[in-house]
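Listed below are the structures to be examined.
Next come two complexes, and both contain subunit A; in the first it sits with subunit B, in the second with subunit C.
Moving on to the complex of A and B:
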């Protein structure tokens, strides 16, 4: 097993598997910090993937494709923002409806625009180029895995320290955390809860949409019905397990990237793909079950009353 | 205003309200309120719950807009649209429910939306900490700026709220029932701090119904009753009896102790009871506690929060498993029984009235019915007898003077005092030998307090055995036949109210033992 994992090719596979999930999860943690349970990431990824392919096909530009993917992700997320923030609907019910809508609607557009069912690929769709960073990319062992990514790949990894800094060192981050923690208090102090939540949910839609664009314009250049394949859900689990902390979420997403890549490797060893595809989700379930216990312990510790008196 | 002339009226008042009026539908919550607060004074606003104190404060802070009347701050007329407007002219409010971000640090809470910046949007956290340290030193508000609020005690959180207001340059601090949630020690710290703030040039308005606090620190007291100012007095020229008569419109002597009588045979017997901690910590929450309460006796339990009294009650009621020991009622051991079975022997009015004691979204009638659902009179073959249930509810509403539109109103619409009357009425209606009651008058207005005390004494006089847990030492001294003091899960002392004082009780509560 180890000889299969400790290779540059495997590391590369892990990183590539991580990128779409990481983008969505980084967006999702910002929404979570604002106090909105962002459960429509899956829909935003799917819409982003479709938007990117359609725009790239129409214009022949991968940049326009990426922008369209991001925009599609935002549009989907704004349904959630409007429903959950402005109309105070239950985000879980609404989010599930949005995800189902995105699945159906992209399939519908596929047949209406391209007259195709299931999967759309065409030489006219321009994929995202890998940008190789001279020097760094030739570091043995890790160079090609970390320094030969698409622009979206670099954005995904750079967003971790950037979002950490914004959240914990800037006024915007402080206010956002306050809005999520105690909206009434934030409002009393003059911060617009609605604006921060719209902004945060919109940002999460943008990031998930970019994740979708990475999915459909990178390794493979095509769109398939339901090609988000649960990555949005895994991103949500990542946000929750990482308690919406960028570095912790990166760690959890790394675990998912690893299990996806490893599952793919196991397929090469002859295991049925249905089983290997399930690996990231099995890891999710185990991680949730294990961490529930750990969180319960932490919560209990926090609830212990301090010693009083002498 | 009353006949007393206010000494501070000769100076420019910091705050002046003229004819402030607020109506909610047909109810006039504030009826033409006049109030003048002089610079550098501590001004207490006293009144029962429902007297209109909170409405008045909400208008003063821009949360509600008055229907008529004027607000003048430092000589200028103000029209507050929201709390920000009030903050801008130097008002700072400390709510009863803290408006703090629990997972954020003290400094983050204090500077929120007024962050000092190093560059662009980047916060200058060191500068902020230094400024907070200085404010804290000046007023004796010591608190670690980098600690998270969730790690702080209630008293420390309150200091953070005060720091927040001071940081925003508030020179008029308004505190809504600030001592309701504090221990006696924290209360005296707070009152000392208010005095220092006044001496440092600030003006304090604080809302309370505890008259001893008014007498201790306030310069001036304004009394509200049913939405109107009924008296405005200089504290130096008044007495608690006079103020409490103002508050209620009738004479209540607040500190009179109830007549005691010799208890009869033992009804509730707790022997060597050990209860584990609910928080996974080591050791026992309740360590070999033995109590015996006789018929016609009220045993008071005094303890600082978290010293085992909650677990003691929970173990007796059957909500917490016991490690060892026995509990018996009238000779029957009950520690092996389920909570439902135990409730055939004991009545229970919990501290958490809303969470455990009642169902907020259910009607008052339904709440009054809970626990009676197996009585043949009210229920047959699983069907409720709705007519009888309504009679039962209306009877209790009448007898306990519960103020409500109808028995069908939701329990969540009741004030603290009325909800407590619902619980007490329901529990006492079952005529059981034992009553366990926690914090019976917390958050309850003074009129209802008196009523609740009388009900407890009546139950006692009828031969009931009462276990009374309360943080109000004056309440324990007034009602108890004996007082048991708990400290760190152990029984520190059992004393007679007539042979002790609040000071002595405080000593036992903080760990001293009987010699």
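Moving on to the complex of A and C:
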């Protein structure tokens, strides 16, 4: 069993599974820090995946595809921002409605524009190229897993230290956390709570949309109805479990990536896919239970939980 | 908090009929009107004639078999709305409706296909078994919250995927029909399906059962202690706790009741409507999520939930008819549903009265830190 995990191919599979979730989770943690419960990540991922495929197909450019994916993610998230921030609606309700809207809308557009039901793949869709970093990518064991990624893959992993720095070492980050932890205090200091929250939710939509683009232009080059398949929810759990701390969230997402890749591996060993598909979700619940019991204090030291809600 | 006090006062001062006129005339009609406008824009943008499309949608819902299909669809939607709203009123967010339905449908169809005994009895037992399965599944989430402090919002949500996996595995390898082309069970025997009534050309008995359940719940809410207590916990868990209410136990019970309804709806969907349990079909209907959205329109009013369920069911039936007539995909119905809820929740109204109260949602468990009410306060 161990010799199957300790291979370069397996590490590559883990990283590949992590990237879309990591992008969405890094966005989600910024929204969480600003005090908005970002529950529409799933919708943003799906919209991003669709936007990326549609734009890449139309223009023949994967860059335009990625930009369109990010834009689609932002547009979806702005519905949440408008409802939850400006109109003080319940973010859970709104998020679920938005996710269903995204599911229906992408399915609708798929049929209306491409006249196809369910799944759309075409040679004209240009996928994202992998960028090899010369030198680093030939490090034995880890080189091809870490240094032969798409641009979005590098963005995903670089966003961890960048967001850590922004959150904990810059004025913007301090204000963002202030807006989330004590909006009234932030307001009295002249910080615009609404503007920060819009920005944070928009950013989370952008990242989730990019995650969707990675999903539909790199992991596979096609769009399928509902292809986000719960990744947005997993990203949300990652944010909660990692207490919205970039490094902790990276760790949790790594666990998800591992269980997804391991599930695939087990499938190759003859275990039914119906069982292995559930693995990441089961692992999440177990991780939640273990961390709540054993590491609750440790997590509290790592980051103070941001206030959620109004 | 001050917002809340104001809302209670206005509600008391205001006669019921004024309130109904205001809500229906304001938020409801605005939501429908705005989503209609957006829907027209979407259809026109995608290159079809909006008038043709929407008249096909409307006629599909009200003519020929439309009303019967609408009623049939309103059962799972309304049922799932109740499964969500009962725990939600006490502040418990049950996102596991889909998994409860899937497992209820699985066990219900196993019973209906394989159990010996007189057919009507087996049918009843099948639905009860479905309810028990849904309840047990929800009880796991309640237990997780109670013993391990796992947030119900998360565990119920994730358990949907696990329920789907369990059901898929069992149907594929153990209880399925090896002769079927898909991952499916045998069809439910003809005599063990939910009987129909001679109204509108055959409405299932389930409709009647659901109507009775709605009436029972609304009486229970207004006239019984437990109904009052669940609303009290929803508005203010600390107050309920200080008042001597075992909030944890109450919330667990309500979640389990919700799970039971979800399981029964799943079983009923198979033995009353689909007649064969194909893996993925229950998930594909998205009834659990539609029901959830319906519930959110009026979480504390079962009768309003029933009416909204009827409306959304009509929208979906009309959407399917529209797809047949015009070729415009039926997923337009999903799009319209989403828009209606977003517009409704964000209170975009054309006519705004200055004294319109803003009601707060009940305190939902959205944080990791909230553990069943005031226990940690």
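Assume the second predicted complex is superposed on the first by the 293 of 310 C-alpha atoms of A that agree within 3 Å, B and C clash if a C-alpha of one lies under 4 Å from a C-alpha of the other, contacts with A are read in each partner's own complex, and residues count from 1 in each chain.
Basically, contacts are C-beta pairs under 8 Å (C-beta built on N, C-alpha and C of every residue); 3 or more make two chains touch, one makes a residue touch a chain.
Every value quoted in this text rests on a predicted model; they were computed, and no experiment measured them.
Contact with subunit B, but none with subunit C, is seen for A:191 once the two complexes are overlaid on the shared chain.
Within the superposed three-chain model, A:183 lies out of touch with both subunit B and subunit C [touch as defined at top]. When the two structures are aligned on the shared chain, A:143 is found in touch with neither subunit B nor subunit C.
Once the two complexes are laid over each other on the shared chain, residue contacts for A:251 go to neither subunit B nor subunit C. A count of residues in subunit A touched by subunit B and by subunit C gives the higher number to C. When the shared chain is aligned, subunit C comes close enough to touch A:98, but subunit B does not. Common to the subunit B and subunit C contact sets on subunit A are residues 305, 308-309.
Here subunit C touches subunit A in the complex through residues 42, 46-48, 93, 95, 144, 148-151, 153-155, 157-159, 161-162, 164-166, 168-169, 172-173, 286, 289-290, 292-293, 296, 328-329, 331-335, 337-339, 341-342, 345-348, 358, 361, 364, 366-369, going by the rule given at the top. Those residues of subunit B that touch subunit A in the complex are listed here as 82-84, 99-104, 108, 111-113, 115, 117, 120-123, 125, 150-151, 153, 279-281, 304-307, 487-488, 509-511.
Looking at the complex, you find that subunit A touches subunit C at residues 37, 79, 82-83, 86-94, 96-98, 100-105, 107-109, 111-113, 117, 230, 233, 237, 240, 243, 272, 274-275, 277-278, 281-282, 284-285, 288-289, 292-293, 305, 307-309.
For subunit A in complex with subunit B, the residues that touch the partner chain are 169-172, 174-175, 177-178, 181-182, 184-186, 188-191, 297, 300-306, 308-310.
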